[in-house]
């Protein structure tokens, strides 16, 4: 069985497992105070060209969104996100569970539109009863989005400017950040991401780690007593070393970017195969997730040997599927996919 | 530097790292639906002699307490715990964050007293204004306790009976369960724990895993849509395989019990050293955590080469320290400790 | 100054003040256990033709929505509402504060469309990742809506049927229920409302009371320990008599319906004036709230002597205003409005 | 039937009902923006000798505690209170529902001990794992306490000093404030209360109003966007006039203090009767609540004509009862009580 089901179907990059083994018996203090967490944070600060950043390691994506959003918002605030945003749809109400509303904007292939954002905020304050409404307190975007799309540099700059004029932070969900940065279509560097956002995270789970996301507060804005609030939300890992060693490895010798690049190259090959075979794309995605329309009959036969994600029904005879590559996608799977499609 | 600071200072049992490596490139479905989670659950059901149990893997201890308690309680209920219970003191208010009160009973070396529990529940319902008070909706105990002590079989049976008469579930925090079960003083089997409790968890983080706790619902009482509520609390791991493979390893060939036994044997040797050297124990603990009173001057010299936990001030010249052994404590550390004490 | 600003600008119907005075020194037990709460509940049960209903008195509208929704939903559920619903927009996130998502459907002049509701629920369960999403756990509609519109009997029946097929309760916000029931266009009786919904409330604050809303659980479905949960949400009134006496008065000799009818008659006259003067209506409302488009210049002159609600900007030169009548709107105000418009 | 059951068994002071009637048809804007709320606030600022105070009107006591505490605490903080405090016991977990722990200190006849408070805070920060614990973020005391007792000026000054040194606010629950201030034993003026606390409330519900509590923020410390957070907690009254008119009346011509004084005089007479008849007091209370030990047989006969509160079982043959006077206790009831006791 070959799998293009998602980018989290395999374990971890072998270098990570090697590092975990090497340091296995070295006693380290708990809760993220070990030397690897420190070293990983320092390497991330350098990679972001943001020497003042506070870097904090958490375990998973939904957890990270919940922790960051709920600790940065005031009680009276909500977070603006695309209607298709992960926080809006696929986190089982984790943001609302923490007491905050997700204020939805239209989704344009997964992205919010800067002008619509601007209008939303202006209209909010223009409403005479705005005190009876949830204040816009943060903007959440994902890069790449849930549909694999990317913001251009101009778009991100505009959104960032609107946020700063409105004095609300911009939070970038980078669960698949590497796959965005390494896309051939991408215009943004990691340093740009750090500069234009107020807080973002570098996804590990989907980019070669067993688990783990590195949150980067870029503007000396980590909430006071963040540690205690992480504990309170059940999100603190006793053996913080597990996250420290993994991110230290990923940010040594540019490993994170290299393996992300590999996934993009594999995705480009998948696109080529699909194009050659005449498939119609559902969305034009420049990253590791490809959304394509397939005949139901064809899909049935494909699924005998290849796992893909069923995205949604397209029409009576067609289905939208997602084909995802990752750091671990190999040439053999690709060859098989080619024959099976 | 030698460390007796805690039972979570080293990595994972080598068998676990080996298994992670072996299956690293096998694609598995996410969110706990992989074959290792299934196999681990089955092995745990057998070890518990509880074929109907629902087994669910979570990442850490505070998270597990928060998820289990908040999904099992009704809004109007709180959880009864010892004043010294982990949920009462050292979880930064994680239970209250989920909306529930911790109803505290006196702590007797970390344990609650069955009679005091019975009285508490009876007095609650005898109060004419009980509708204005938080209902006792669950009993939480830890085994071993935060002070390393154990409930006898009679005590646990009494507490279990009170809970069932009162129709409230008994939840056992087993963050260090192995060290309790393997204690020379222990009277309870894993099957007893499963039988007498309604839900409990088998700690992995402190007993040889990189992370992970296995929650066992023993009475066909896993809350409906538990999966969704786990996700909502930010507690679902995308790569559930990380937990599945670890627990599958720990419950193969009795590994969990063997490494727990090792920690107990090491703890007994520590006790012997301490006794021989004339140290006074703060608490009589039969498990892997030893609490002992030490002169401040002696402590300073000890700390040059050995890490221990500072528990609390005893008097002007003495301090209570905790010396913890674990699955990874080796003979060399022990020898060194002997000379250094 | 004449006021058509809202339906809660004046005090209470004189009969209510009289009753409060008459019984002022009679000692009554607290927290809703007094004889007036009992008597009012009984009268409401009769008026609803629902002898088994549980009737509970709360203080205000947002509080009632928050209490009802948060006590009836499971943790993993959200409430479906129109995008323009009071719970979606104008309650400062009270539902999310209680941990639940508002699942928004398009608003058709304030109403949800039965077919869109049906599709929403079906699509939810058809989604392969529905376990990662918020379950639809209740449908919230307002009658009349925030735009003064009404559901037809057929529409309400359809929505009710969908809810019951989906096994989720239908909750009707009746903050202005009297004005809906007494509308010339209305097809629904109070008994119909009780029959077709699972829980609804009869608004007092906007229909002649100083404060107070009467929640009616129509299907023996009041949540267990509701009293305790009301207390826990800070919503229990010590002097429940204040609510009991008011609702007892309102449901004596059909007072509630009579004063509601008066407001409707006044609203019809307002509509006539507006039509005669050639104003364009923003929405065709058959109840006590009229939404009309006015020239900004005209509005400025109007506001010198008459208070109205500014609803929203229509275009550069026009504004949408709301003119509300109530139980206390008198002929003199109406005459003045006629000359001033 | 005569009632000494509580201080909230009758309606409102006649002056309040009169004022409500007088202004009944005057249209006023909603949500606390009417002229009476403004005027009442100004009168309260004068009575407190605190011209900069922010005054906010809420409906009931538990609601006020929940709103004030949850809007003033940070997520990582809890509120310190006596074990017997209203927030600790009789609010059905309203504080925990808002996400915060109540950190309990021993109760000394309802009061906390300044030295124990000091030690608690010092020990908290001295604990090496304090980051894993709930921060003490506020001190809550009640004046008078739930047992009718009062803090001396020295005690209150000490507690206030400790709070300010620790940079945490002192909150005084004044549900029965008038009965404390007017006690013969009281050493504190309303101005003292305002000066020594950071926020407190003046109880209306138990001191002559139909409902209502006036929160006074004394140090320019009302939380930003308090209005929105009040709405979000379901605590905002549409017809704020109901609270404004009542407090305006209570703070006109010293009415609040006069009627409080009356209750105290009645309580002193009750004490005299009890002493004369040889009853043993359970607590020595200088305010309107008297706690006395009564034979069960005597109690049965008493209850035929007089309602009192059953406090707790004293021994097999005796019960502790509470006899409460209020602004409305009259001479006739007193005479009857004398004969019945």
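For reference, chains read A, B, C and D in written order, and residue numbers begin at 1 within each chain.
As a working rule, contacts are C-beta pairs under 8 Å (C-beta built on N, C-alpha and C of every residue); 3 or more make two chains touch, one makes a residue touch a chain.
Just so you know, these numbers come straight off a predicted model, no measurement behind them.
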Chain labels contacting chain C and also chain D: A, B
Comparison of A-C and B-C by number of C-beta pairs in contact, larger one: A-C
Maximum centroid distance from chain A, chain identifier (CA atoms): D
Whole-Å gap separating chain A and chain B, where each centre is the average of the chain's CA atoms: 33
Separation of chain B from chain C, taking each centre as the mean of its C-alpha atoms, in whole Å: 50
Gap in Å, rounded to a whole number, between the CA centres of chain C and chain A: 42
Chain D: positions in contact with at least two other chains: 75-76, 91-93, 97, 99, 131-133, 228-229, 231-232
Partner chain B, residues of chain C touching it in the complex: 70-71, 74-76, 99, 131-133, 135, 224-225, 227-229, 231-232
Residues of chain D that touch chain C when the two form their complex: 1-3, 5-6, 8-12, 14, 17, 20-21, 23-30, 59-67, 91-94, 97, 205-206, 210-211, 228-229, 231-239, 241-242, 307, 328
Interfacial residue positions of chain B with respect to chain D in the complex: 75-76, 78, 89-93, 95-97, 99-102, 104, 126-129, 131-134, 310, 312-313
